[in-house]
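Structure provided below as structure tokens; questions to follow.
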Amino acid sequence: MSRLDRWLEDSARGLARGAGRRSFLARVGRFSLGALGASTLPLLPVARADNESHALPEDVDGPEGDPGDCNYWRHCAIDGFLCECCGGSTTACPPGTSSSPVTWVGTCLNPADDTHYMISYNDCCGKGYCGRCNCNRNEGERPDYHWYRANDINWCGGAPSQSYHCSVARVIGRASEQQPER
Amino acid sequence: MSRLDRWLEDSARGLARGAGRRSFLARVGRFSLGALGASTLPLLPVARADNESHALPEDVDGPEGDPGDCNYWRHCAIDGFLCECCGGSTTACPPGTSSSPVTWVGTCLNPADDTHYMISYNDCCGKGYCGRCNCNRNEGERPDYHWYRANDINWCGGAPSQSYHCSVARVIGRASEQQPER
Amino acid sequence: MLRFIGLIGLLAWLLPATALADSTTDLEPFEALEFVELEPISPHSVWVTDVIFRQSLLFDADSGEALATIGNALGSFPKPPIFSSSRNEFYVPEAQRKWGHRGERTDFVTVYDAKTLNAEAQIVIPTQSGESAGNIGYANLLDGGDTLAIYNQFPAQSVSLIDMGERTFIDSISTGGCAGIYPTGELSFATLCGDGTLREVEVDARGQLIRDESTSAFFDAVNDPVMMNGSRVGDRWVFISFSGVIHDVDFRASPPTVRSWSGVSAPEKSEGWRPGGRQVSAAHQKLERLYVLFHPGESGSHKDPGPEVWVFDLEAGSRIDRFSLPNMDASAIAGLLGLEGGFTGWLLENIVPATGGDTLAITQDDEPLLLVRNSSLPIAAVLDARTGEHLRNLTEIGISGFRLTVPR
Amino acid sequence: MLRFIGLIGLLAWLLPATALADSTTDLEPFEALEFVELEPISPHSVWVTDVIFRQSLLFDADSGEALATIGNALGSFPKPPIFSSSRNEFYVPEAQRKWGHRGERTDFVTVYDAKTLNAEAQIVIPTQSGESAGNIGYANLLDGGDTLAIYNQFPAQSVSLIDMGERTFIDSISTGGCAGIYPTGELSFATLCGDGTLREVEVDARGQLIRDESTSAFFDAVNDPVMMNGSRVGDRWVFISFSGVIHDVDFRASPPTVRSWSGVSAPEKSEGWRPGGRQVSAAHQKLERLYVLFHPGESGSHKDPGPEVWVFDLEAGSRIDRFSLPNMDASAIAGLLGLEGGFTGWLLENIVPATGGDTLAITQDDEPLLLVRNSSLPIAAVLDARTGEHLRNLTEIGISGFRLTVPR
């Protein structure tokens, strides 16, 4: 498969929040508590404002600003086919796919405001490999035992179908410092 | 996938005949009569000697003499992955595969004796695509309605599993003239 | 282009507890995970089917964007999705076994909503559907969109009929000695026969044969067979033979009549020019033009890719244009090496031999696009169907495949 | 090399009746269709797993020949076959759904006879087996070959145990916070934990925990984690960290002890040298040598391919050699273009940048071979493990894959 294919799609990104999210979260929370073993795992986030998203600074030129490019700033710990190139977007799964409630995160630097953001890389599932814009970057990525930083895992294992299709890169918060590593 | 991969296996070809063939033929014959529509289709061969195979002249140099090469003389109407490159041989299916009793034929010129032979291209089935030595040649090949000369058809449809793995090219007789075509 | 629905929220519960506890992370800004729905199918969209990935990707041929994917089960050769504009659904005939490549086989048709692309139903059908590398003519929706017809091969040649309104199997009818399904009406279709005729059958709502007639023999299955790939123009189906004879079959007459003429002149024939490819031809219904992939070659080259598309005026019975195809091999290798454009791109263009195209489709609107691929290259070319101008490429379309399907 | 059995005879009934009638065909000579059995698995054979074709090809690394294929069901990431030398069987953990990529999921282990390569059984197991791109440490046979252990991820981290004699699921044990399965005995294995320890568990025949102990924390999962790919040397498992620290874990002690030393000198570290890849290391048990893929790179490059294999003497705790890998990219492109050897091959060798290898395996005999691939190239290189000499390539190994598995 080809790599780093230049891909000229407009970024289509939705920012509205759904009304059903809290109830969905409740379900997810139950699932996670019962399911993921007690030893390491986190609970629901304790303190989040529920107001509308702040728009992110977006005026990045070059491949770091192109969501269809592997070098796009949010992709610093992604592994897989970019949903941007598969009928989805940076924050949306393609038509007819589902997703897993559990996934991995990364901490990426946005060159537009020189700020590190937490990125959630959700796998979109239920169809075979999209096969386009394959991208593997591993900044802050960790092995499977450090699972919420591990991008090798097929996170569709927790979705309605384990078939892996593509991956998104959503901003889910600001990080006050870079993920430590060497 | 790469093409015309040079492949240096000794040709391992078995020539002995199995005792169970006649009874197998009887089954196949019943199947064909009941199954394949009455309009065009042939019956069992009416007159064949049951003695041992004659050895074929084999001293062909170059790609026409290399069973792992797409240019090998028997491959004149093959379509698929050569079983020679998949753990089988020109006349044998790879380990753990099955085959269909129905298949397509070709008429190929053996440069060693300048004689045309009838070739049976059996598909070996029950595993996914072998993926090696992909070869498509179409001398005398005909569309699907002229089915016993048609190599597009997935002949594994008549096997215990319809999954197509690779194809062999067995000599099943001498042809007194080339398949007419233009 | 895209619309968003069905927001599913935050998965931040999986953040490390420590990260939350020590306040290194501020949970703003926050982008919800969303799910895309398809816009109404545009005239310039095309399904690109890949036999290795076992799926079809829907592309917008204007933007070059991929819009969606429909995957296939583990049968060997995936069939392209079939579009019903009346029901706004896609239908995919599939087959799968209990244990991967082994075990009991189930044949079924999956029904996809064309907006959500969710699978709405699986219709189980008798296990006899046939497969070929390209599945040309192996499954088609009859006129009106109510009845899906699927070609069967084992143990017998027949056609299964499925009621897409009731989502039930109706019955199958025998078509021994013939292959392919070419719809001619709401409950009728034609099929190509080994005796050189084309047979048309019509059934009633219960799948019982009520009409069965054949053309006189108009081709020779051995000496100059017609390709499986037919092109529909209203009440006609147009086929081309190995040597380039164009057979224009008119189903308004009973039995159907055939008008045959050669698309290749004597000098061209002496140069070896002949049609070749997998999905070798496509017609624009309104323009009544037939587009065919041509190459100079020997006998036995009828599936080889060609460097040109020849354009025929079906009314006049003459060729009106020859388009040269772009060098898709060079573009594919440039993409593989990440060397698109610039000097190296130009160098590749001039060094890498072009193998041409073997698969062709056309959009049916007033500004038609011609879509061309080579089954072993990961790109497809988009041409202006009126001028042959190379507009753009669809990239990363897959590994190998023999079909391009325009949904309407 | 090959043996033949199970002759199936003639299919000549499908010859055209006319061909038989007009005597144009003489039905001699005749070659029967035969079926191959595998020779006993040789020390130089290797399974090459492909995630796109969803299967593993068995190669003879001496001849470069492919010997057989084992396909996987439609789960996303195929697991390599696991060899039981005592039972002469291969085991493949698989998962599949009722309707292709959709519908009810069934997890199972397929048992293949290693001579016929026929599927002898499917053992259905609870639907919780995990998958990763490389499945490193996701399934392993415990010592003696009677018990197969499979790593589960959803909904919880655990390990399923399967009795391969009885061909039944035994039970699963919780391994929350840890990942991977590293066999240490007939009914014991180790697993890597997020707190920097390695936990060893032992069960009885019914799968009930009878021993459970952990090393002290010997690595930092955030600052210098160890790679999932462990290499076994007798009673030890050897891991390497992102920065190149080699952790040699000895399971003869209770709890297991760890000897750690850096494989990278200060000057090398300042040049950025670090291990990287998918299946990043392999050990020769008798020689007690560890082979690791190395590259100069930044942090975050721990999965990048490398141009060199570094050879460590585990007893001495020092590096004894550095092998340079051949240019597999050039060979792959030459193969793609059909330009192997000659001037163009030489040109490619010098023009195409080599990306190196990311996946490594070694044979365990006295003339060991080192097998190296780059997960996105269709070839693998075979090196003499003692000298690093490039002996040959395995070609057309697939499209993409992260594993090379030596059956013994």
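Just so it is clear, A, B, C and D label the chains in written order, and each chain counts residues from 1 on its own.
Assume contacts are C-beta pairs under 8 Å (C-beta built on N, C-alpha and C of every residue); 3 or more make two chains touch, one makes a residue touch a chain.
Remember, predicted model here, so these are calculated numbers, not experimental data.
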| item | value |
| --- | --- |
| Between chain B and chain A, distance of the C-alpha-averaged centres to the nearest whole Å | 50 |
| Chain centre separation (chain A, chain D; CA means) in Å | 29 |
| Chain B and chain D, separation of their C-alpha mean positions in angstrom | 34 |
| Shared interface positions of chain D, touching two or more other chains | 52-53, 71, 74, 101-102, 119, 336, 399 |
| Multi-partner residues of chain B (each touching 2 or more other chains) | 1, 3, 41, 102, 127-129, 163 |
| Chain contact graph, described as a line, ring, star, complete graph or other shape | other |
| Chains touching one another, given as label pairs in label order | A-C, A-D, B-C, B-D, C-D |
| Chain D residues within the chain B interface of the complex | 1-2, 4, 6-17, 20, 23-38, 50, 53-55, 57-58, 63-71, 112, 115-119, 335-336, 338, 340, 378, 395-396, 398-399 |
| Interface residues, chain C side, partner chain D - complex | 52-53, 71-74, 94, 96, 99-103, 108, 110, 119, 122, 333, 336-337, 352, 399 |
| Partner chain D, residues of chain B touching it in the complex | 1-6, 8-10, 12-18, 20-22, 24-25, 28-29, 32, 41-49, 53-56, 85-89, 91-97, 99, 101-105, 117-118, 120, 122, 127-133, 148, 163, 165, 168, 170-177 |
| Of all residues in chain C, those that touch chain B in their complex | 52, 74-77, 95, 97, 101-103, 105, 130-134, 136-137, 153-157, 174-180, 191-195, 221-228, 242-243, 299-303, 376, 399-400 |
| Touching residues (chain side chain A, partner chain D) in the complex | 1, 3, 31, 34-41, 76-77, 79, 102, 126-129, 136-147, 150, 152-154, 156-158, 161-164, 179-182 |
